[in-house]
Amino acid sequence: MNAKEVEKLLTEVKKGETSVEKALEILKDFPYTDLGFARIDHHREMRTGYPEIIYCAGKSVEQVAEIFSVMAEKENNVIGSRANPEMYDAVKRITPDAVFYQMARIISLQKKKPAVPESLIAIITAGTSDMPVAEEAAITAELLGNNVLRIYDAGVAGIHRLVDKLPDIRKCRVVVVIAGMEGALASVVGGLVDKPVIAVPTSVGYGANFGGISALLAMLTSCSTGVTVVNIDNGFGAGFAASMINKMK
Amino acid sequence: MNAKEVEKLLTEVKKGETSVEKALEILKDFPYTDLGFARIDHHREMRTGYPEIIYCAGKSVEQVAEIFSVMAEKENNVIGSRANPEMYDAVKRITPDAVFYQMARIISLQKKKPAVPESLIAIITAGTSDMPVAEEAAITAELLGNNVLRIYDAGVAGIHRLVDKLPDIRKCRVVVVIAGMEGALASVVGGLVDKPVIAVPTSVGYGANFGGISALLAMLTSCSTGVTVVNIDNGFGAGFAASMINKMK
Amino acid sequence: MNAKEVEKLLTEVKKGETSVEKALEILKDFPYTDLGFARIDHHREMRTGYPEIIYCAGKSVEQVAEIFSVMAEKENNVIGSRANPEMYDAVKRITPDAVFYQMARIISLQKKKPAVPESLIAIITAGTSDMPVAEEAAITAELLGNNVLRIYDAGVAGIHRLVDKLPDIRKCRVVVVIAGMEGALASVVGGLVDKPVIAVPTSVGYGANFGGISALLAMLTSCSTGVTVVNIDNGFGAGFAASMINKMK
Amino acid sequence: MNAKEVEKLLTEVKKGETSVEKALEILKDFPYTDLGFARIDHHREMRTGYPEIIYCAGKSVEQVAEIFSVMAEKENNVIGSRANPEMYDAVKRITPDAVFYQMARIISLQKKKPAVPESLIAIITAGTSDMPVAEEAAITAELLGNNVLRIYDAGVAGIHRLVDKLPDIRKCRVVVVIAGMEGALASVVGGLVDKPVIAVPTSVGYGANFGGISALLAMLTSCSTGVTVVNIDNGFGAGFAASMINKMK
Amino acid sequence: MNAKEVEKLLTEVKKGETSVEKALEILKDFPYTDLGFARIDHHREMRTGYPEIIYCAGKSVEQVAEIFSVMAEKENNVIGSRANPEMYDAVKRITPDAVFYQMARIISLQKKKPAVPESLIAIITAGTSDMPVAEEAAITAELLGNNVLRIYDAGVAGIHRLVDKLPDIRKCRVVVVIAGMEGALASVVGGLVDKPVIAVPTSVGYGANFGGISALLAMLTSCSTGVTVVNIDNGFGAGFAASMINKMK
Amino acid sequence: MNAKEVEKLLTEVKKGETSVEKALEILKDFPYTDLGFARIDHHREMRTGYPEIIYCAGKSVEQVAEIFSVMAEKENNVIGSRANPEMYDAVKRITPDAVFYQMARIISLQKKKPAVPESLIAIITAGTSDMPVAEEAAITAELLGNNVLRIYDAGVAGIHRLVDKLPDIRKCRVVVVIAGMEGALASVVGGLVDKPVIAVPTSVGYGANFGGISALLAMLTSCSTGVTVVNIDNGFGAGFAASMINKMK
Amino acid sequence: MNAKEVEKLLTEVKKGETSVEKALEILKDFPYTDLGFARIDHHREMRTGYPEIIYCAGKSVEQVAEIFSVMAEKENNVIGSRANPEMYDAVKRITPDAVFYQMARIISLQKKKPAVPESLIAIITAGTSDMPVAEEAAITAELLGNNVLRIYDAGVAGIHRLVDKLPDIRKCRVVVVIAGMEGALASVVGGLVDKPVIAVPTSVGYGANFGGISALLAMLTSCSTGVTVVNIDNGFGAGFAASMINKMK
Amino acid sequence: MNAKEVEKLLTEVKKGETSVEKALEILKDFPYTDLGFARIDHHREMRTGYPEIIYCAGKSVEQVAEIFSVMAEKENNVIGSRANPEMYDAVKRITPDAVFYQMARIISLQKKKPAVPESLIAIITAGTSDMPVAEEAAITAELLGNNVLRIYDAGVAGIHRLVDKLPDIRKCRVVVVIAGMEGALASVVGGLVDKPVIAVPTSVGYGANFGGISALLAMLTSCSTGVTVVNIDNGFGAGFAASMINKMK
């Protein structure tokens, strides 16, 4: 319920077209309608191409399929993250337009094309094994309406691979750095590039990597300024935040 | 590209077989030339009002004072973070223009005023005890050339305090959320505001707070999109990253 | 009190120097008589419909089936938690009245209906993936003789979903909040509702969730008053404690 | 703003006493006024003796004193937890009625006496060193309007000390168990008493106690049903939750 | 067995239908009579020289002094562990016979000499810095009535220091091994000596020692058989357990 | 090389049958021969019924079978811990006398019967799920030549189950307490029984049990004296240490 | 040094004002020229037999096969670590010269034989279960051109097994010690041998081993000098570092 | 007891000057004399300039002074690590030649100058705050007889500071990298330099640095080959290990 509707209601009360009791009844649902404003805004955003996000992990194949079918009716864009092929098969049967990005584990349903700014998002990984997380970030950013520069396998053990690409990276508006093991790449990029860096620790590694803790702590304690961090293996979150910044006017 | 190739190129230049322009073009692609440029860019940035950052913790009073005096001569802006009153006393004796923000623990020396964009950075804390970290973020952002909207003590235990301020927060370009204990505020703000949220866990709390770990983990695993995280108590880092985003064109 | 003193007391009773009543009074204070009473009380409670609890995890299918068959003979109610379908098949063969709640992983054998108070227990989850834990709590509470209000998928990323339900929640006598990831929902509910809140962290999430630690720590350090916490994924414990409070006279 | 006020406003609009524009303006502030209802309720509760809670740790002496002086004017009851003698000295100078419970670290200002139910809260500690946390719980419960049964130093190393007191404990409506080291007391009490048990792990101990982690984990994984847990050393939280349950009708 | 049954029994005794002996026999099986016996046994042990143990840490000077004065009247032996000089001063004023072992942090009051077996307890430390923990173990064992062989500073970095003493160590009945840092000494001794080894990790070390965790984990995972472990820095517990084994008949 | 051989060598030197140089050469290899003395002692122990221990986990089926076949030839007793059925099948094919204790995961080859003392080892578990660890301890102790009193499922949630058995437990010479979850049983037994208690934390439980950490920390910080601890799930180590104490003369 | 300066230098070369040699000298100091040299050096090293390293874990079978085929064309030596049989099958199909070391999980392609120094690397394990890590270290060192002395199953529980081999170990130039569980072997070897010791903690063990943490912490806090540590189970890293030291001139 | 003494003893036996029994008696003490040979070797090393190492932390001022005075008499070199000024004052009173390196916390007594190889050890720090650890490493290496190249404050946030120094670093024989926070410098140096790198994590930082854990884990999981790690803040251990490698022939 938005301001105009309230105004209309008040006018009706004034004119006697709506009784005070009826208006009170309607307004009694209002308090949360306002937070509902947010919801309406949210709906509006969907109509303009902003997708609905579904975290598929921990949902059943049936639940995922059902959510997609509801969304498809509403002509919404949908991004289903952490999806598996079984989920996609079920979704596709109902909504044949759905697309599956296997490495990124994303099912996408795109009813309207979002506007795409000229500026780029750089997505850099330390190693080849970080690619699934990187693709999750990249596909997310692309589905949200961004162009992405992928630079994979540019870890600090061979720092020349990174340096070669610096001029391209510096032209981007925001940089996503994805690394497992010691996660040093975030600090190195943060020290070389004067752009917001979103660091994604990955669980790539073994032993004292502890499922990504080594990279996570390293990125949080980075001596480089302008580095912020998301959860371990959270390519989706990094792609989403990078898109927010890149699409900023 | 190795020494022999460079020698060959120089010889060709000498002989006139290769023009100076062509040689320069080739040397410009010399992979690591970039890095040298970076240093120059860096210096350039300083001259244009971008401050030098000094992490004062773990440095002696003498070291801090000396660094400020060198910077003062170079007409650079300087931000000394995690400084204490003794450091300020020593700095002030040499560079009387230096200013101390006690709660923020920042010594500032500002030789040139940075440009300030119209858009605001919102800095929100869950409790009063988070104020030192918030002030570190706010003063950092202000010294870097930003206007800041401070909203302190708006934790989720009394969520109406936050909701009252939502319209103001939504007008800001980027939001810094600072909370200790369970750090829930970051998720709540992230769910209500469609702006990049930089979350700062603080060490405020006791017991299972473990010096900020509870808030840190909560923020990293936030179910709200668009939330990125910096180190525990790292107000400086949040202020710096927020400024990068806010000053983006 | 030692054997000799008891002997002396018995002799006095025999001689009529001490009355039976007096001796009983003394022996009633016999420190550990109490414990014996407890066992009797316990038995009595079973007869009145209070179920026997069996933690099935780590027991063999045969052991679980045998325990149920013994209980069935004693006309006791039984709740078998953390059970799997194989266990249920074996139980059902012997005690065909047994019921299996698959999502809740509970096998129930109900010989007598417990009394049910009018007041409700609210069970709220942050996400759909928290449902198995929520159902464990809900079924446990129902089997113990309570009416349950289920509110699922009301996490703080879309706080309006929670706010819509506040009037209903406030009518309940005790609230169980179940959330994984950052577990912020417990604090938000605790801040909005003036009722005891039992928070259940779940292992839903990945990375810095560390199998439920992020939600656990967040709930323990909640800034909202009236929040107590049970083990990660411990829906049974929450349902049991909520029942204790709800059935209080 | 409550329902009656909205009704009044609507009636004024109907009568033309208030313009639609003016009403819209007022209602625009409404959404958060509703959550403000909570605030008003909250105020009402204060008038009926429900105290305002102040977490003094991390606040300056001046801040604490100022908050008390504001509350004193409003004739509210106030509980200041984790306070120190310096804070109390400052508070007392302004509000001489304030009382300091040193071991409990609580400053109390009680303008109205809360109603006290007949039922008791039992507060049991494992050792003498747990007394500060126990007193925090006990004083909190008493200030909120409860009678408390204190049983201190009844740890499982000498379990007869606990058993002696069982009859008294069983008469209470809710039990708070406070223990450091291995925290076994919570499980033992939970196994002997058919009442809600709120367990408070304390940081009493050394080495593998890790500041209370051993007791915390033990209490969370208790094999006894009906045990819920609060943060390490959180006597206040336990006293508050116990009061909620004890005062339940 | 409940009150009515006891009453019935008492009546039978009174009537002469049951003999005192028979009734006593029945009451002796009274399940928890045992526990009461334990208390009596305990008292008996005290009379025979078994000391009362007081954990002084976390108690006030006054509390410690008072406990000692009560014990002194009862002619009990007392061991006060983790005591400080202030506590001793207060104790001495009231009970001048009390003795203070400063390095061991023990106040002792010995009214009766315990019997001392011929067999020895070996107490071995890896380094000089482990001596306070070792002395706590040694003094505890001596006060409980044991002869102790002290071998200090025999760490594995210079394993010959240990090997020199092997013949003496092998003559002891039980071995206490005390080590910080990597705690390897416990495994080495356990591999060389065919006696029960009680390992005490100490907090000696820095960095990845984490306050004794490195030694604790090492001792728990020792590849040598016959090694059991007590808490970090728990010299008292090791001395007590070693005494139990050494005094075994 | 043993004392007799050295004596023989010296006699040969004296007689001139061996040159000084030759003897020196032989003795140069002597240092490790002495530790070899230990080895010879070790062999002697084997001849008297002391088994060779093999940790089978992490060894291949072939390796395990080969070790058993070598031992069988030497007429040694062997205990193979953490073995699986495949290993047993392979062992049995070569050494048909080998016995497999499935729940205890032990393969035993017993060529000589060890002497068995009259005193008993009590092995107590908190729950049924702790039985595999308990059986590992019990079978180990029995194979080493001890009689074992098994008391399973006597956890503190129903403490009367333990108290009923106290008289039997008190007759044992050493007590092994095995518990998962909060591990409180070790403290309770340690407080009731004046015998050495070897506590075995198990990984039974979920959530904040963290694979046995909750029980481990609880046991290490036990407030009861005389409790020592072995590694999580280390039934073998507990059985071995208990045997050492029980067989002590 | 910036583009203009380089242009000026080139112009001077062209004009003959600066000799080619002089210009080369200047450009050689070009700060980041070094990095380029590194790449060239690196290539040179490959041509001389220094292998390319591929971390196969987390790469697809196809990716691994493709990398090997590219390398084979370049006549490079290649070491593929953490490889599995499927990867080897794919590699072999394309490059039949490739060799698979199954226990070491290494695929090797050796086009040129590296020079082998006379000095040895000792590789010592505590137990048989540490062998896969040890073989990874040994094969790595051998492929890099070293002779290796393998001493397996020499743990401190039977220290004579180590002492027997000391003379051989002392002849080696560098020692790799590989141990799980409590990792004490590193300290013992470090105390007995005056050579650099590279310690490799392994994940062998259970319970408080926590996947290798016990050994890792023990090795890091070793009281023996000259011990450095690599990641848990990182046989490759230890073999590589040992080779670096062994091949030093 | 050394080889000559044994030879003398054998000769005496041969001559009949010593009885076989007497010789056997003496040789019975021999086994550990041999490890005593090591001790004698050790003494020899001391005579050649190899210092005795004393870990002063956890020792009393008197103990430290006494050890130095004993060593001074034996004309040994001594390095006392982790010493404080009070210790030095006490040492100096007795042995006036002792020198104190305050930042390195080392007391040195140098009776003979060790030989110094031509090759250098590079010691690089990420920040100024790492200097105390670096000086501990540098002074240790120098006292052991090495020349050291100090490069301080060359962290990855400004990687050009490192690259400038690469030519010098590459000339060293072994590199010590010292860094706190995210410890990325070790990986970067390891990727750029083909020399053994000994990485020292420091406790410099705050929050998620957790006293050095972030840097420790990062260094252990470094993606660069040839990096080994010592304990947090263990400058002494790094200097010692680097010296071992640098002085290798």
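The letters A, B, C, D, E, F, G and H name the chains in turn, as written, and every chain counts its residues from 1.
Simple rule for what comes next: a residue touches a chain if its C-beta (ideal position, glycine included) is under 8 Å from a C-beta of that chain, and two chains touch if they have at least 3 such contacts.
It should be emphasised that the depicted structure is a prediction, and the values quoted were computed from it without experimental measurement.
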*Hey, which chain ends up farthest from subunit C, C-alpha centres compared?*
H
*Separation of mean Cα positions, subunit B and subunit A [Å, integer]*: 24
*In whole angstrom, how far does the Cα centroid of subunit C sit from the Cα centroid of subunit F?*
39
*For subunit B and subunit F, what's the span in angstrom between their mean Cα positions?*
59
_By the touch rule stated above, which residues of subunit B touch at least two different other chains?_
31-32, 34-36, 38, 127, 158-159, 163, 192, 207-209, 216, 220-221, 225, 231-232
*Using the contact rule from the top, write out all pairs of chains that touch.*
A-B, A-C, A-D, A-G, A-H, B-C, B-D, B-G, B-H, C-D, C-E, C-F, D-E, D-F, E-F, E-G, E-H, F-G, F-H, G-H
*asked:* Which stretch or stretches of subunit H touch subunit F in the complex?
replied: 3, 6-7, 10-11, 13-14, 16, 20, 23-24, 27-28, 30-32, 34-35, 37
*Can you list the subunit D residues touching subunit E in their complex?*
127-129, 159-160, 163, 204, 206-209
*asked:* Looking at the complex, which residues from subunit G come into contact with subunit H?
replied: 31-32, 34-35, 38, 41, 45, 53, 173, 192, 194-196, 198, 216, 220-221, 225-232, 237-238, 240-241, 244-245, 248
_Interface residues, subunit H side, partner subunit A - complex_ = 126-127, 155-159, 181-184, 186-188, 190-192, 205, 207-210, 213-225
_Sites on subunit G touched by subunit A in the complex_ = 32, 35-36, 38-39, 55, 57-59, 63, 201, 203, 211-212, 216, 231-234
